[in-house]
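Okay, so chain A shows up in both of these, paired with chain B first and chain C after.
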Partner chain A sequence: MHISEGFLSAPALAAGWTVAGAGVAWGLKKMDAEEVVKVSMASSVFFLASLVNVKLGPSATHLSLIGPMGLLLGWASFPAIFTALLLQAVLFQFGGLLVLGANTASMATPAVCAYLIFGRAVRSQNLNLSAAAAFAAGFLSVLASALLVGSWLSISDPDMALTAKSIFVAHVPIAAVEGAAALFITLFLKRAFPDMLMGVDRR
Partner chain B sequence: MTKSRMAPLCAGIIGLFSSTGLAVTASLLLALAMPGAATAHGVGYRISSKRAVTLEFYYSTGETMAYLEAKAYSPADEKNAFQSGRTDEFGRVSFVPDFEGEWRVVVKDEEGHMADAVVPVTSEFLSGVSENGVSAAVQSGFPQGVDLVLRALLGVSALFNIAVLARLRKCI
Partner chain C sequence: MILDTAGIFKESGIASKLDSIDSRCRVICAFCLALAAAAVDDTRALAFGSALPLCLLFMDGRDGLSHLVRMLVGVNKVSVLALIFLPLTYPGNRVMMFFSVEGAAMALLIIWKLNIISVTLLKMVASMGTIGVNEALAALRFPIKLRMLLLLTMRYVFLMADRMSTMTRAIDLRAPDIKGATACKAYACMVGTTLVHSADRAERASLAMRCRGGMNGFSQVLVRGWTWRESALCAAFSIYSMCVAAVAVMPPGLLGP
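After this line comes the complex of A and B, so read on.
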């Protein structure tokens, strides 16, 4: 899901930083300072999830947990994902520093969308509705992220428009795994730590 | 037409045919002597005595970067690729350096992943004195083993330190 240095054009990099900058600023503004430990914990899980390899038939990929990040943190997903991606770039050489803006936008935007669309349903008392919304949040956020990655590449090089489609299709299996992961995380949190799903926004 | 007038005409026709025949025969002989000379160069092959550098490219998931675009850049010309091709089934790419300095090998896939390897080539390697000079000097871009665990712990520690600093700032 990370785009490496050298792929994106200057306008795409600038657009990525604009989206990421605005998102991080808004996320920090909305975030309750009391919840900063919860944000750093979710950010740590996101940071480490990239090291968890998932074998899917002949290919292998790693988890991203974009959906659960959105459901747990809401707008604070932007600063949390930005910081985790920065550390991944510096410590693991995933992505890069110049493309950090585009990578943050690709992953944090679907996370926030998952929160805005499915957040209320996930917090509902109806367990079936909650489970279905959690799966949809995990599944669709990965596909949306793949779509954004393909879009950044297409903007930079129109010849990669076909590649964007193949990236989307290639992410369908891992999206199903991410949906299942979001489902189990949500059900576990609903039983053990229901307050975790109440978001970190200022009240 | 009298017989005396026909004689030079017949001699001329026979002369024309015989000269054309000679030309055709000469062309055929030339073609047989040098097969294919008119349409293509001759080709051949031999095992090179030059030493090659072989790199293996892989993803952090352990998968090989198979059949992907690969370019090698010489330190003598960092803009134009010295060699352009694809990795093999096992993510390998080989090139034969002819210049001392830092060579770059770039392998890209179509999903936005790129590996950029730097290979320091010494004069000892080019002259064949050093056995493993190049391969020993090249390091992987992705940390492995204990290094990976330490970096992961460092990352988590950094994230929690940010949280502690933010809380302290609020308290102050």
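After this line comes the complex of A and C, so read on.
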């Protein structure tokens, strides 16, 4: 899911930093100073969850959990994802520092969209509706993220359109697994700690 | 399930000759050169732009070089993917029915840029470690909430890594060959349990922080003074970056074929 250094042109990098900067600024504005601890705790859990290798058929994959992160953190997803990606770039050399803006934009925008579109349905008392919304949030947020990654590549070089389409298609099975993970996480939290699904800025 | 936390526990800045330079100067210089390298597609400009990253690569002797090479091996895993994937999907003349020559050339160009940018940013920014990055963000007047988020995330990553590795070990003991929906459910419950524990812990941590004076401690960052040396370094990097961009727009006859 990460775009590496060298793939994006200067205009794409600038656009990525603009979107990420605006999102992070708005996320920080909406986040109360006392919520920073909660957001950082959730951010560290998601950071670690993305380091777990889960077997998928003959291979293994790392899940990104963009959908659940959006459902839990709301607008705070932007600063949380920015921080997690910054740490990943510094500690593991995943992604990169120059492409941090584009990577933040392509992961945090679907997370916030998942919160805005599916948040209300996930919080509803109807368990079937809640489960369907959680699956859709997980599934669609990964596809949207892959779409955004493809868009950054196409902006940088229009000849990479086929590469972008291939990236999107390759993410469909991962999106299904992410959808299932989002569904199970949501059902678990609805039983164990429903307040967590309110979004940080609503609690 | 395997929790790969090797990188987290190795976290710390790497001693370098650059450590005496102000952190914000290092960030500005590194981003200046990295942006110039990202903006050009000309091989002459990239060859010229490689000179400074090469100097950075060898400036700290054998220890610095071996550490940076280990980091670069991690970065270049994506290079292998680019070399396979781009020739298959990029338009252009096909060799052996499938591989595009233009795609292979583009992949090599991207790998070259990837290495120039990575050496520059790893050596000048990432080698400062999380504490150094926080120092740079403070000096560049980033919001305190963002810096606090960075430091607290780093702190809780250690705590949660311990808890999560216990849980992954428990899942592996109970069902080592867990697959499919059951694996997904086990993984989701593990994440859910860790989130519930983290919420409980966050509540107590935030009360403790309020007792200690809220965000007061986070604003105390030692920011080094900006001297003529930092100004000179910024100017040198800016001129070098502009030269890289200028080489890219020069007509081919001026600098050889």
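The rule is simple: the second predicted complex is superposed on the first by the 195 of 203 C-alpha atoms of A that agree within 3 Å, B and C clash if a C-alpha of one lies under 4 Å from a C-alpha of the other, contacts with A are read in each partner's own complex, and residues count from 1 in each chain.
The rule is short, and it goes like this: contacts are C-beta pairs under 8 Å (C-beta built on N, C-alpha and C of every residue); 3 or more make two chains touch, one makes a residue touch a chain.
Just so you know, these numbers come straight off a predicted model, no measurement behind them.
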Chain C versus chain B on the shared chain A, clash or fit after superposition: clash
Larger contact residue set on chain A - chain B or chain C: C
Partner chain(s) touched by A:149 [first = chain B, second = chain C, both, neither]: first
Touched partner set for A:159, first chain B, second chain C, both or neither: second
Partner chain(s) touched by A:193 [first = chain B, second = chain C, both, neither]: second
Touching partner for A:43 - first (chain B), second (chain C), both, neither: both
First, second, both or neither for A:20, with chain B first and chain C second: neither
Touched partner set for A:180, first chain B, second chain C, both or neither: second
Contacts of A:108 with chain B and chain C, given as first, second, both or neither: neither
Partner chain in contact with A:72 - chain B first, chain C second, else both or neither: second
Chain C region in steric overlap with chain B, selected from 135-143, 153-161 or 189-197: 153-161
Those residues of chain A which chain B touches in one complex and chain C touches in the other: 4-7, 33, 36-37, 39-41, 43-44, 47-48, 51, 53, 83-84, 87, 91-93, 160, 163, 166
Chain C to chain A touching residues, read off their complex: 1-5, 7-8, 10-11, 30-31, 34-35, 38-39, 71, 74-75, 78, 82, 85-86, 89-91, 102, 106, 110-118, 121-122, 125-126, 129-130, 133, 143, 145-146, 148-150, 152-157, 159-161, 164, 168, 178-179, 181, 183-185, 187-189, 191-196, 198-199, 201-203, 205-206, 209-210, 214-215
Touch list for chain A against partner chain B, complex: 2-7, 33, 36-37, 39-41, 43-44, 47-48, 50-51, 53, 59-62, 83-84, 87-88, 91-94, 149, 152-153, 160, 163, 166-167, 170
Chain B residues touching chain A - in the complex, by the definition given at the top: 59-63, 106, 108, 110-114, 116, 141-143, 148, 151-152, 154-156, 158-160, 162-163, 166-167, 170
Of chain A, residues touching chain C in the complex: 4-10, 13, 24, 28, 31, 33-34, 36-45, 47-49, 51-55, 63, 65, 68, 72, 79-80, 82-84, 86-87, 89-93, 96-98, 157, 159-160, 162-163, 166, 177, 180-185, 188-189, 192-193, 196
